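Below, each structure is written out as structure tokens.
Across the two complexes that follow, subunit A remains constant while its partner is subunit B and subsequently subunit C.
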Partner chain A sequence: MQPIIRQISRAMIFLILLMMCGCSSFNVKSNTVEEISPIILLYLDQNKNGQLLISTIIPPLKKEQKSVITVSSALIKEGRYQMDHKYYREIKSGQLRMVFVSDTLARKGLKDVISSQLLDPEISDRVYLVVAEGNMIDYLNNQLQQKQAQVDFYLYKMFAHYEKQQELTITNLKQFMERLYDPYSDPVTPLFAVNAEGFEYQGTALFQDDRMVGAIRQPDDVYFQILRHKNRHHKSMPITALDTTLGEVYATRKIRFTDSYREVQIDVHIGGRVEEYRDNRDLSDPTEAASWVRTVERRVESDMEQIIQQIKSLSVDPLSIGEHTLGLMRRPFTGDQWRKHWPDMQVNVRVHVNVEQSGMLKSNRSIFAPKGRR
Partner chain B sequence: MMKHNVHSADLFDISGPVEPLSWTFMVNRIQTLSYILFFPSTFIEPSMIWIILLAAACSHLNIWLLANWLRRMDRPDGYFGTVRLLGKTVLWLFSLFGLSLALVKCAVLLLGYVDIVNNILFPSLDPKLFVALLLFACLYLARLGMEKTLRFGVISFIGTVWVVLFYVPYIFPANADYYHLLPLIPERMPPHPWHTFLTLWAAFAGPEYLLMLPKQAVDERRIQSSLLIGNAFSIVEYVFFFVVCHLFYGSQYLRRLDLPVVQLVRYIHLPFAERLEIIIIPAYAFSVVYVVTFLLLYAAAALRMMTGASDVPSGRKWLGPAFVMLCLTTMAIQYWGWANEMGKNRWIEWHNWSDACTYAALPVLLMIAALLTKKRGTRHATNHSPD
Partner chain C sequence: MNWITFWKMARKLKPSSRPAPMADAGGPPTPKQIQDLFRDIHDAQIHELLAEKQTVKLFYIHSLVDETQLQSDIVLPILHGSAAQTGRNIISDEIVQVDTLSKAEQLILEGSVLVFFENDHVYAVKKRNTLGRSINTSEQEAIVYGPKDSLSEQLDNSLTLIRRRLPVPNLKSKKFIIGSFSKTSVILLYMEGIVNPELVRIAESKTKEIDFDGIFDAAHVSAFLEDHIFSVFPQFQQTDRPDALASALLSGKVVWLVDNTPFAIVAPITFFDLFQSPEDYIHRWMVGSFLRGLRFVAFAIALFLTPVYVALSVHHYQMIPLAMLFVLMESRSQIPFTPFWEALFMLLTLEILKEASLRMPSKASQTLGIVGGIVIGEASVDAGIASNVLIIIIAISAVASFLIPNYLMTNASKLIQFALLILAAWLGMWGIGLGLIWLCIHLQGLTSLRQPYLAPLSPFFGRDWKDTVIRLPMTSMKTRPAHLKPLDRFRILKRKI
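Moving on to the complex of A and B:
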């Protein structure tokens, strides 16, 4: 009898202890769900007086209207402090997923913004960092008025999807910081254009240190993505200048140095099929197809060289070409040396296009007709 | 209530040879705990991997020596054996030294762990509460005696080893940038090589506490392999964490982070669970409790030796004073040393140095002991005991 009672009492004690896990000592801050509002996004802007404008969407708890609130402050965490005073629930940033930064602020420098986010243990390093051009607050307000109350959640889903697809530039705080401190590469973020009507991917914002210095815009961005990654699959690759779209593109890129690090040779191999073609050339003819492929190669080469010219003139290295100078036993440039050396470097891009299928429809010529006769 | 758990009269009674796996787990946990908590910001260059491997090789040698000593048939056994070997005064000094080191090590480990918990999990909770809870968990375990504590090593190993699996995705691309590891072969001496080496050496410290194992606890045939396997596992873990941190953060960003290993845990997102650190960080409590209990028992033993009461069969009454001393040390360090980051780093540094010293002293001690044993062996015939 005794042991059973003892066992029961032990089980009771264990249960009580387990239940006590939810309790905490008296002086702990309350986290009652009814009293907090976890925010998903944060938008940071700077007004003309140099004050930070911090906005967020307050999530609804019961049947209340979702709204955008904005505070202006000198510091970021001061902004949060002010928000708590302005709104009737405490703002929690444990669920923060996206930080949008206006391009004016991005051009001034982001180091302070990001390190204040990273130092907060509540905030994950995975928070997406986005530069937004245009009036974000109008957009959010407009969306909320159009009964699109979940706009913050949809935006997060969009970024999560893009991150998985790996076709666009998507950066989180950790990736930004890692590249910021890496002496052989410079950070990038996605650049979105935003107005009252919409929110649209524009390309990649380029950073020198923590300041945005330029951007690769939309038609070039796909080339930039190919240059950035060792190998990448793209659903489609429009070449508007040639009235062509390549689809199911698998691109690989190799970087090597020649002439004792005075020249960079970038070899790009693009394999894919023609998905759209509006030219009169007959691609089923091997010689014509070959010459057409050469035109495509020249075109892509010159576009890529232009991109590289642009990033060289900004003296940034978002492609991490400097990393490729490192070897198992060699470090020919220190970080500073590389930064000085890179803009003067001769860069040659060689593109090889392999068209796996020249379109779905064969030309209406009979396959029995002898070749070369029109 | 705990009466049936406590049948052995002495805390340090060991009924028979301990499972060889327990030794493996013990060596491994006592080594890796401090390293993962305080992954020091000294390992900032990829080429420092060679220093890790060098320290690992030295540690392997050290453990090999230790195991050889433990296998010797003529080594002194228990309190009386040691007294006969070293003399009462020397032993008293050793005990004093060991007691203070063990107490400080316990306190620093506890406070370091509680600090992480406090920073990341419960920022508004008073850390003293958590220290007290952990201390009482240690006391509970220590009351069960040395044998049970050694067996708890299995639980502590199983309770924490799965954490490593979560880091595996970070060695693959997309997360990892292999260029961060270059240049692997240094073109010059890494900065502060001695400091780095000693910090790492301290990370391998811990097994020196096995020196005084009673003979009946040791299975002579398997002790060597089990200790060496434990050490090898620690080496694998260290190299793994080093490589993962470098691949993921790059050396330049890494040197700006305080706790990269913990920071990395916070980066993990699983589709069904996002804040995994809430599970992973508490899991380390197994390791902390295990190591602190082990050292607490050592402190109790040292107290018993210092008072010269070892002939009294019950070692249990020394556990209380040892626990009180541990509480006082922890409180004192928390009050004076742990108030800010500077103080914390200084204490961790001291802890590392003392660990490094004791571990480095191991072969010297073994040599002295071996010499004395030889001498005693010759004198033993004449029934002479030195004092």
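Moving on to the complex of A and C:
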């Protein structure tokens, strides 16, 4: 065979082999950036007729006059097609970063909503999932009227920031689905209250299966975050009942079961410094300080026990306590058994607070004074 | 005479025959035979000198001979010497008795003066005109610290520079005359006892097989030596640095010196050799390794950055970071061309400017650079021909391509970049992947002097990695590159390994 023919035949074999891998095809659709409209925010709600209301901001990522468009449809993808017909650029979901769901829809179940997002290969699994209480469309319209044209982008930056800070509940589709199908834990999402004036973090929405059944609201959400994670750093932990704020808090949490698995012991260690204190106790006095620390511990313990009582009453396990029953060679409960067992389980919370710095000046006695006069 | 008549006449003319070896009639050549041979050459000169009791004839080509030395070393001794000592008085390092006409022809063309005595003895006295450039600093491979001398067009000078660095009898040199008209001298250098004899054999046979009328440059020689003509990658390294050549010889490579060109050819080379610079060995080894690593990164940037821009902005908007997408969409919104045509247009403009600035005189090229910079940089963005983002990408990839020390490789990378650009516009990242795989397959198949081009990566030679992508300290480089299969593996005398 001639060398050139040999080369061509080798190239053909190579191409055929590559195409047989099934990694792609020659039918690649052009997505030239200036011709498309990649949305980054989607808001889903349900109207009185039971149809989905799908809203987004167009055009995203452009310095053009923006507006919120809403379509109603039975299916999400059907809504997407309707949106395409309403706008001169093709709406693409490849850069979708946030899916906001109304609490009405969340209480009815999110499985269909999420699965349609996950089934779309264009949409990333790491799209933030948020439950919004109130009128999101009013809020977006209001922001656009106030020349906040990049509101969708700013919201995304906010979620990305708090995901790194790890102080608020931030969930993406993958994490939600992972917990949804995990028999030993239940999904959570952040809960925001929206109205025409503002957008405010309320706490954590609790889900049983795919339905929202309750929420842990501020200020208890800080304790909930501490209970959720093995180690966590918080910039501040306000304890309003004691007129105190602990700052630079580093919290560790340990979950232990008794041998009979009838009780669970949660040990929380909180280290931090007093950043704000308005009570009348003299924290520079060691006895007073120790007594005050015990008060703080009791207070936090009681608040945490309340939270646990709340989640137990809802029969949900957002703290993934069930996962701690599992060991390398140990599985005392099946998923169903755990779900039945959990609401009746005795949970003891023990909190230990270590105040590294009280933040108080010790006294007005000078350290330079003669020994006898100190 | 119209052009048709001229064409018909031209077809009837026989092509001028190449200078065939002279039919030696036997015996020494006569002045008449020589004059016939060199007829119609205006600077071929014959002089008769009336020495004591005999007439001596000199024949030489004026432009090839050093006239001053001719007078002082040949003419004066003949005129003033006694009859018995006429021949012996001639001063020269190289006097050869000429027996045949063909030998006389060769020696005259090499710059010898043919001296005819009455007793039919003919001598060729070498008085070659040594006109040429002095030893200068290398412009192509300039370094901050280190030796500054470089090869010149004179073969002897170049050889001297190398022999001074390797003053051992192991440095062997074989001379070849190639080019039927140009009669170019080519010297094959190698270190006996180090280099694999098989390499020398291949090099010799390939050099002997060169059949062409004119060889004027090292690149011409390497074009005949290379194993793969359908490849953009240089299979031989060209350098004018004698220290680099001495180092290559000690590694077990062979070197060709070509007359009338300051560049020598080194083979076999690998893909990784093209990213090495003599300066790597001047820096501290960590800095040298970093710089070498940087060149590989720069090569990847030069190849892939623009195609990736096109692939992302045409096919895979999902992969662009959100903040970047915002900038990109704004930047591209007013451009009338698709990203492919935009990138192609700007790349071609840059190449035209680069080529023009190389060909222009240096003073004009400065102006060209400024005008080009403004045209490419600002005016094209203002005019809406290119986007800001693309200008930055093109600039980064152009600067990155200059980091590759080998100029031939820099230009080869441009061609690959264009091919990848087309694949990126057609098939997106899949196309770039396809191009990359094809590139790897092509590199894997390449050889330089029949040695694998991707060594020591494939085939794998672990010990050679100490001087490939990174450069370890000189003290740890105790062995020569194993992929060259040298006869003597060790660079050190006290072998403790």
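The rule is short, and it goes like this: the second predicted complex is superposed on the first by the 319 of 374 C-alpha atoms of A that agree within 3 Å, B and C clash if a C-alpha of one lies under 4 Å from a C-alpha of the other, contacts with A are read in each partner's own complex, and residues count from 1 in each chain.
As a convention for this text, a residue touches a chain if its C-beta (ideal position, glycine included) is under 8 Å from a C-beta of that chain, and two chains touch if they have at least 3 such contacts.
The model shown is predicted, which means the values in this text are computed figures rather than measured ones.
Judged by the touch definition given at the top, the superposed model places A:14 against subunit C, while subunit B stays out of reach.
Of the two partner chains, subunit C is the only one that A:40 touches; subunit B does not reach it.
In the superposition on chain A, contact of A:146 is made with neither subunit B nor subunit C. In the superposed pair of complexes, A:174 makes contact with subunit B only, with no contact to subunit C. In the superposed model, A:156 lies in contact with subunit C only, and not with subunit B.
When both complexes are overlaid on chain A, the residue A:324 reaches subunit B alone and has no touch with subunit C. When the shared chain is aligned, no partner comes close enough to touch A:65: not subunit B, not subunit C. Comparing which residues of subunit A touch subunit B with which touch subunit C, the overlap comprises 24, 28-29, 124. Taken together, the subunit A residues at the contact with subunit B in this complex read 6, 24-25, 27-29, 121, 124-126, 166, 174, 177-178, 180-184, 320, 323-324, 326-331, 335. Here subunit B touches subunit A in the complex through residues 1, 119-120, 122-126, 129, 174, 177, 179-180, 182-185, 187, 248-250, 252-253, 256, 263, 266-267, 269, 274, going by the rule given at the top. By the touch rule above, subunit C contacts subunit A in their complex via residues 230, 313-318, 320, 322, 325-326, 328-330, 332-333, 335, 338-339, 426-428, 430, 434, 437-438, 441.
Every residue of subunit A that touches subunit C in the complex is listed here, in rising order: 7, 11, 14-15, 18, 23-24, 26, 28-34, 36, 38, 40, 61-63, 92, 94-95, 97, 122, 124, 153, 156.
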